[in-house]
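We call the chains A, B, C, D, E and F, going by the order they appear; numbering starts again at 1 in every chain.
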């Protein structure tokens, strides 16, 4: 689980080792085409399906530094663009992560941008059309983006509500790449690689997850993620009973409802019948 | 996609090269008449139909500097007018973008002004009637506008709600110019010019968009913009399969609904039947 | 559209040239009577019907300086009364516009006061009864008003809602002057004077506006203002086609509804049948 | 309308001349009894019925300085108690109006206290029971009240809503004095005294107001106040037509509804039939 | 009504004279048992029934200093724990009242804690379980409580709503002592002692209150408190008519409804039939 | 109730004596397995069932320092990560508790994390996946976690509402350990150990609690916690009557409803029939 990457001040990370990413379709080709035209890209898909991994892989492949900003309800445009700090007697300007990326030609990744405050979407608009500049109101300048700058956002369609959704005028400024959970064979390979688990038990995990994901319509807010399967595999790998691993890594985090939990456990018991 | 413009501190941009703009009706004549009387102008229309381009074109034509402010929920009158900053021991006043435009006779463009906080609309009122002055409460002065100052706002009628709309008393202070997506022939010409795509595929894109726009009543929040067509053209130009280009540039950003997405893909498949 | 007035620091304006105002009823007599007793006055009426002009005219007539404060949702009592500013090592008190008017005997005009935060109405209460003083809590003093101080507010009855209305206890502290759009002959004279348009077209504009105002019950939020007619006249005067002038100056700003817009255009076509 | 009072820094006013107050019942006796035990008092009643006058009269009679705080939605306990100010290099504590009254033995009048933020009611609780102290959290002290300190609040029962009402536990900490509009003869005497109007017209005003007050159930938010009658009398006194005076001083401020306004005018026409 | 207590800076009060408290049940025994184990205590009961007095009595009895914090909607954990103040060039930490009590072993009384912001309940949690420490995030320390520190809160069950209630997980951290109004004989004794009124009239007051309290189900938000009876007794003692005393001290503060007021007055008239 | 632990500045506590914890199932084994893979852990369960104790026990067992943050509605990511403080002329960065734990390899416990503001969940996301880093936006760095850093959160399923719940994408990032109240025999042993009460009365307490917990469906928000039983045992140990101990430690804090309280008392009377 350790990774080779050089940390730089400023949040720009240059990934030195290839992050493992298993392509499902032509997502690499589409991303490269968008990159060649510097079109902004939106990664659409559910939690834990590999969007962040994919982008880290592309940044490594393009040898561009990557800046990731996890967006939340209190994130404002100043958090992205920068602000004045007081140092001794002086007021000193400090670039935010987006400004750094714009200046230095990095890939800037705004993860779950819909969570951020609305002024952030306004700030990114001029970066996503023919202007490609970033207005920095507090400095009174408009910064033209470095030719290698690229903007990427992520978006989870399952979460949006009437109150919280990207405006159509924002979405249409991005090339959209759809993501989902990988097919069974691929997911098995990922688990083996990530956890060192034997192939048989990895297959059983994926097969059970397939059945469990069918329970979505029965009240689960979201289906079992690949990440949860990797957690279960890790616990098994450290010697914990398979069924107990599934219970604590998959079932407990997914539901508080005793009946739904029992329904999920039923599935895992079928695939891991041995006791311990 | 690069542009010739000289960046000046303060957000005033003087456009040195002609920004491409393809007129649809008499919008240039109306704008010139409003300009000759210095009447404030409101650009009405949907996303990505060329309002910003039009204004950049007019600013270039009139040889007036342009100040653009993208409005958002947290934008206050102080962001427009200016504020005191602390520099060392002193408090220094810094003009905001609107004040700069008022002083120096620029065109000030408040993009989607309805998003801004209500105090901003109050600040612009005295600039839009016979007084043509800007009250700067914090300095205790009322600034009379430079004779060449002009105020322009944009407004997207499709977005307004009961909670968020310009007051009638504000709208009636502006000359209103209506914008829409360009007719097919014009839109084709724009795509060819912007992407370098061959005329045949550009025509197919526009024809498909025409059909796709008819789906608006079936649940699309907004129809395909000219900008999305340009994105698709760009991806094709960089070698991506036409259908895949339409999917990622047009369909994915426009809807999360699998059935609507399929309905849109049907249309594009009809116009781009070849595989690859 | 230029005006003769001497700008003074502090927002006090002494109007040196007579602002044009065409009386409709006995509003001058009532205002003079209220002034002779220094009773506070409330100007009631719709947007763009001349309330601001009337008050500028009265201030000129009384030779009293005028302070105008456009109220909005974020305007607090501190914006009216004053606040401490930090200058170098010192904290310096700065009078707000209301305090200046109270000290120097000006007319203070709070435009659309209902929009301001509720603490502002509290601040003006002691100025509107027998006390005629202004409490300045931050200075710990109560300022007795200059004998020539007068308070005037405006109020648009069409806008009030349950959530946002002046309290009856506030309204009853003012003498109320009702305003409306001027009768046809008067409105024609205003347009001729303000735009230099020929009498015939000015009459046609006013007659058309009369018909258009009847559409109010069909969904228009507010009827055509005198100001919008002046805009249309100005555009005609700068050579724009009459019908196009009405469309952009009157119809487009007033409605986003295509059918209502067409209904309005029908009216203007009847009065301006020529094409161009 | 001028008054003899000496302004003191700190908002403490010592009234040197007797403020005119016409008692209706035994309110003077009750107040004196509450004062002799230093019990806190709540003045209950509608707008403009003389609560403020009554208290000024009592302060004059008791020769105690009076501090009046008009409460509003943004008034916090710090506004009452005090705060730190920065002066040059130092942070200096400044007493608020309540603290001054507590220290110096003044009468502190919190006008419409229900409008203030809830932390203010908490601050006054320990002043209204056997403790009679004021906690000043920022100074870390509890100030025992001067023996002559007295707390008075006002409260308008007609305005309270479920969302905005004094808590029963707060109300029960006060002796409650009910106020209403004075009986006809008394109200006539007040108008004559305040405006110098002849008795006949004053009687007509009061009689008309009596009828107008009966319209309350037909949609008026609040009935005609004594203050509005004084305004109308003042306008008549300055030469304005009686009916016009009633219209602008009483009818216009009280309603925006044309039918209610006409109903009110009917009443005044009956009492002032002459034209001019 | 004066009291012997030594004021100390910091809000810690050491009560030197015994505060009068008349026990109703075994509340002293329970409190002593909780104190011996340093268990936190919650005083439950309506307004004005003597909770604050009881705690002052216990603090005097235990010879521990007492810190009282009246909680309100804007009270934050910083108000309890402390904050940094700027003094000249330095930032100086100032302990809040809770921190002082924790350090010095005082009894800290959070009056109506449910009114405070939710972060306050979080701050007190670790003080109410086996940890008995106070986390001071801004100093980065966890303060272990002085062995004599004790936490007491009050809680009025009649006021709680779905939106504003202590969480069950908070309530279960306290030993709960229920309070109510005292039985008739006791309440009579309290009134005699507090007001010096003769026993007969005190008995009449209590008897009338008993009847008045039965009206609770007819629309009174809260029943007559012992405090209101003491007020009425005080007014009688200062020579005011008994019935008028009851009206202004008990009826007026309790209801704005004329019919309820009349119903209450009926009761008091029955017990105080004499006129004056 | 005293404990052996060394307080360190910075909120890191190294527990030197074994905190008593009575395992119910395999929670120690699961936690050790998660620890060996450094997987983040979520402790799920009702109030007062021993989650905090369990974690203190594990921290002692693993010999890792523990940082506890009690989350609340106003807790922001800055409270966790750190902020700039002004010291004299300098702005100095101060690590928050999470940052300290990340740097020094402590266990960081976010108690009731769902109460905190949403930006906190965003901050912990990158610490819970393969990245294991903490973005510190204000410093412009991403801190890679110390190899011994571990993140633990608690979560009470009974409290969650539609408005306030952890997002599924957050929950799935944790291994979930379910907690409940211990079985009778165990709970008895805990009470004996914590209070020194004799076994018979401890058994009676637990048996009565078992019956009382069955009343949950009759309107109790939450059932009797083990902590409340310990409180009751403590009061008995200090000589208070058993029934009175149960009333004040268990019944009063649990309900304001007289009928529910009586129903609970019925149960305790059955188990503690003796009077005193």
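The working rule: contacts are C-beta pairs under 8 Å (C-beta built on N, C-alpha and C of every residue); 3 or more make two chains touch, one makes a residue touch a chain.
All values derive from a computational prediction rather than experimental measurement.
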{"item": "If a chain touches chain C and chain F alike, it appears here", "value": "none"}
{"item": "Number of hops, chain A to chain D, where each hop joins two touching chains", "value": "3"}
{"item": "Most distant chain from chain C by Cα centroid", "value": "F"}
{"item": "Distance-maximising chain from chain B - centres being C-alpha averages", "value": "E"}
{"item": "Between chain A and chain E, centroid-to-centroid distance (C-alpha), Å", "value": "53"}
{"item": "Interchain centroid distance [CA atoms averaged], chain D/chain E, Å", "value": "30"}
{"item": "Per-residue overlap in chain A, given as positions that touch at least 2 other chains", "value": "86, 89"}
{"item": "Complete ring sequence of chains beginning with chain C, oriented so that chain D follows", "value": "C, D, E, F, A, B"}
{"item": "Chain E residues touching chain D - in the complex, by the definition given at the top", "value": "1, 3, 7, 9-11, 13, 46-48, 52-53, 68-75, 79, 85-89, 94, 96-97, 100, 112, 115, 156, 159, 194, 221-222, 224-225, 227-228, 231, 234-235, 237-240, 244-245, 248-249, 251-254, 256"}
{"item": "Interfacial residue positions of chain B with respect to chain C in the complex", "value": "26, 29-30, 33-34, 36-39, 42, 44, 76-77, 84, 86, 89-91, 117-119, 121-123, 125-126, 129-132, 135, 137, 140-142, 144, 157, 160, 167-169, 171-178"}
